[in-house]
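Structure first, then comments.
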Amino acid sequence: MMRNLLPVLTIVATLLALWYAAAVALNAQWERDQAARAGETLTLPALITDTWSQDKPKLPAPHQVAVEIWNTTGAMVLEGRGFSKRSLFYHSWITFSATALGFVLGTALGVALAIGIVYNRTMDMSVMPWVIASQTIPILAIAPMIIVVLNAVGISGLLPKAMISMYLSFFPVVVGMVKGLRSPTPMQLDQMRTWNASASQTFWRLRLPSSLPYLFTSLKVGMAASLVGAIVGELPTGAVAGLGARLLAGSYYGQTIQIWSALIMAATLAAVLVGLIGLIQRITLKRMGMA
Amino acid sequence: MGWLALGVLAWALGWGINSRLSHGPKTRTTRLLVPVIFGLTIVVIWECLVRGLSISPVLLPAPTAIAATFAKSTHILWADFVQTALKGALTGYIMGCGAAFLTAIAIDRFPFLQRGLLPVGNFVAALPIIGMAPILVMWFGFDWQSKAAVVVVMVFFPMLVNTVQGLTDTDAMQRDLMRTYAAGYWQTLFKLRLPAAMPFIFNGLKIATTLALIGAIVAEFFGSPIKGMGFRISTSVGQLALDLVWAEIVVAAIAGSGFYGAVALVEKAVTFWHPSQRSRA
Amino acid sequence: MSSNTVISARDLSLTFQTGDGPVHALKDVSLEVEKGDFVSFIGPSGCGKTTFLRCMADLEHPTGGSLTVNGASAEEARKSRAYGYVFQAAGLYPWRTIGGNIRLPLEIMGYARDDQEARVKRVLELVDLAGFERKYPWQLSGGMQQRASIARALAFDADLLLMDEPFGALDEIVRDHLNEQLLHLWDRTNKTICFVTHSIPEAVYLSTKIVVMSPRPGRITDVIESTLPRVRPLDIRETPEFLDIAHRVREGLRAGHSDDL
């Protein structure tokens, strides 16, 4: 892993440099218009520093985004307003709760369905093809509808978004778990039969442990999908809270720095959540000798 | 009451038939028939539930209502399809996958870049890229170009990671054989590494088809001219015209599975030699 | 060193630096291989026989001593396509037919189209696979795939054949058959063959010269000139002469690692 550190840092540094350069390029037009209107000429150093400090830039510079993030997170915590309605922590928490709930429900449902598919031939042949086919259908498209329908029956707030997250995370979990539960070799299954093991014993002692590597991979995909679901779920009803809502609000009012800070926050949330699963994966598999 | 009873009957019948078929020998026909029967059973039960429980069409329209709306709105649906799936998703797909493929080949000669790019690429591929949609709408305008841009950003990294993985998959013995022929870099690339990488490349292409359509549709939630599948869905939801929403979903489902199926067909032709395409377990 | 010498190794050494200290894969190996020889290299794992073969093929680089192939360095020999290499696994490309696989080196080396066709036909006949041009590798058995791999190494004009345990993964019945075929081939084409093996009967049956090697450090313990006639039916393996040579090989192997028994 250390071997990769230098190349990764080089790439990240290059990307940051490109970002700064792009900021100059994209914001330059506005600067020139301003200068022309004021009848001034713009020198290159002035152009560069100005493009990096606009109020509503086309592309905010990295430090502008960083400052905005700090202002809405760390700075607010220091003032004791960590969870005020303008804090990014508050919005992240809203999105995170929907994500987490949806993820847990989706995983539970996915595992249950996977067990059904592996142990019941009728379910296997009727449902599994639909699970696979559904992965090719852009399910996210119906997010607005789910929100509205559930609102109409009186379910609002956290639950509809969690429903979307659940729906998105449950498919990768089903596919991964089915693969995992079916991963023991014929030889291992025969061995269980020679010991006259019951179906339950075979499940808990052979199938389930063998499926863990597959499960963890699916959980990572499911978590990322869950987060996307929660964010998209915040879009339709002009929601006021959550990272998706911040994205939408930013885009309505042209507050580009706000959009970018919400995006970076969402990215960080995704990285933390997926990383957490990765950590649990490493610990669990190591203890099982499978890492 | 009668409708609910019919629903229960349909469930029993469907499950019964499928049970019979599943416990018989597994032929190509039964493999196709069972899920189709299952699907039809669900649709019938849906219809029965909506009628039996008098569910408001604002909440959940009946399949027959959806079919009717579909039939009378084909021109709208077609225009939306062209806007979103063809102009937005397809162009973005071609540009994004093409760029990813070329980038993979470009960095192939520089292991240093590969080692740096792969972890970053895996990280970016897991992020909620859809969040970039408002930014891209701001840069590229409301029309299909911004949607294509969203698709490019969404498919680029998964495609890149898969292609790089495929190119590095050749084993030492095969590379040694090429050395004994004193084959050059480009000869080795075209005759050995690219054909060997095809299963991975197609894996990436298939993943990209699902991402492309989702990207194009959701990007339209952030701003669109008055056509497009995402636009139609969000406005119809606002008007509570849910039957049109469901009709659009049907179009999206057909488009999505059709797109994926087309790529899978090409995959079958190109990677005919791979064990996964040959064996029928 | 006469003009008849194909391979000449003088005090050849190859040392790997590993985390646990240096590993002497080859130490002071000296050998001459004449044109038309069939030389077998036999020894336990780690004795350096494969490493030696790979040095000849310029797939490994020695750290000491000298090695010439056809009078030039191993790298020059590789660049002028002086040898064909056969690996332990057939390594055929599943996306090409058998004919396509044999054409692979010919395409890389720039042979003309009609020349390619003629050569493919000729070598397939040599290994008894005539008519299999359009089949795919997975449609052939393990033995047939290995024969195709040998045919691939014969397709271009290389007078030297380097074979690394080519029959190791096959069962004994198929192996016997392929041994016979290889001898016939050698007789017909008059190539120089360097052959690495684990099997004593195989080494004695096939070779004009047997090189016994031992590990830690990788070195030659014995070079046996075979007294068997050039034309050998399979049942020569039960003659006293054969058993004598096999015995001598066995002694050489035992002496090589008596220290760790």
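Order of writing sets the labels: A, B and C. Residues in every chain begin at 1.
By definition in this document, a contact is a pair of C-beta atoms (placed from the backbone, for glycine too) under 8 Å apart; a residue touches a chain by one contact, two chains touch by 3 or more.
Keep in mind that this is a model prediction, so the values were computed, not measured.
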Farthest chain (mean CA position) relative to chain A: C
Interface with the most contact pairs, given as the two chains involved: A-B
Intercentroid distance (Cα basis), chain B paired with chain A, Å: 19
Distance from the mean Cα position of chain C to that of chain B, given in whole angstrom: 50
Computed distance of Cα centres, chain C from chain A, in Å: 55
Footprint of chain C on chain B - complex, ascending: 173-174, 176-183, 187, 191-192, 195-196, 198, 271-274, 278
Interfacial residue positions of chain B with respect to chain A in the complex: 15, 18-19, 21-23, 26, 30-31, 34-35, 37-39, 58-60, 112-117, 119-120, 123, 126-128, 130-132, 134-135, 137-139, 209-210, 213-214, 217-218, 221-223, 229-230, 233-234, 237-238, 240, 242, 245, 248-249, 252-253, 256-257, 259-261
Interface residues, chain C side, partner chain B - complex: 57-59, 78-81, 83-85, 87, 89, 91, 93-95, 104-105, 107-109, 136, 138
Residues of chain A that touch chain B when the two form their complex: 3-4, 6-12, 15, 26, 58-59, 121-122, 124-130, 133, 135-145, 147-149, 152-153, 220, 224, 227-228, 231-232, 235-236, 243-244, 247-248, 250-251, 254, 256, 259-260, 262-263, 266-267, 270-271, 274
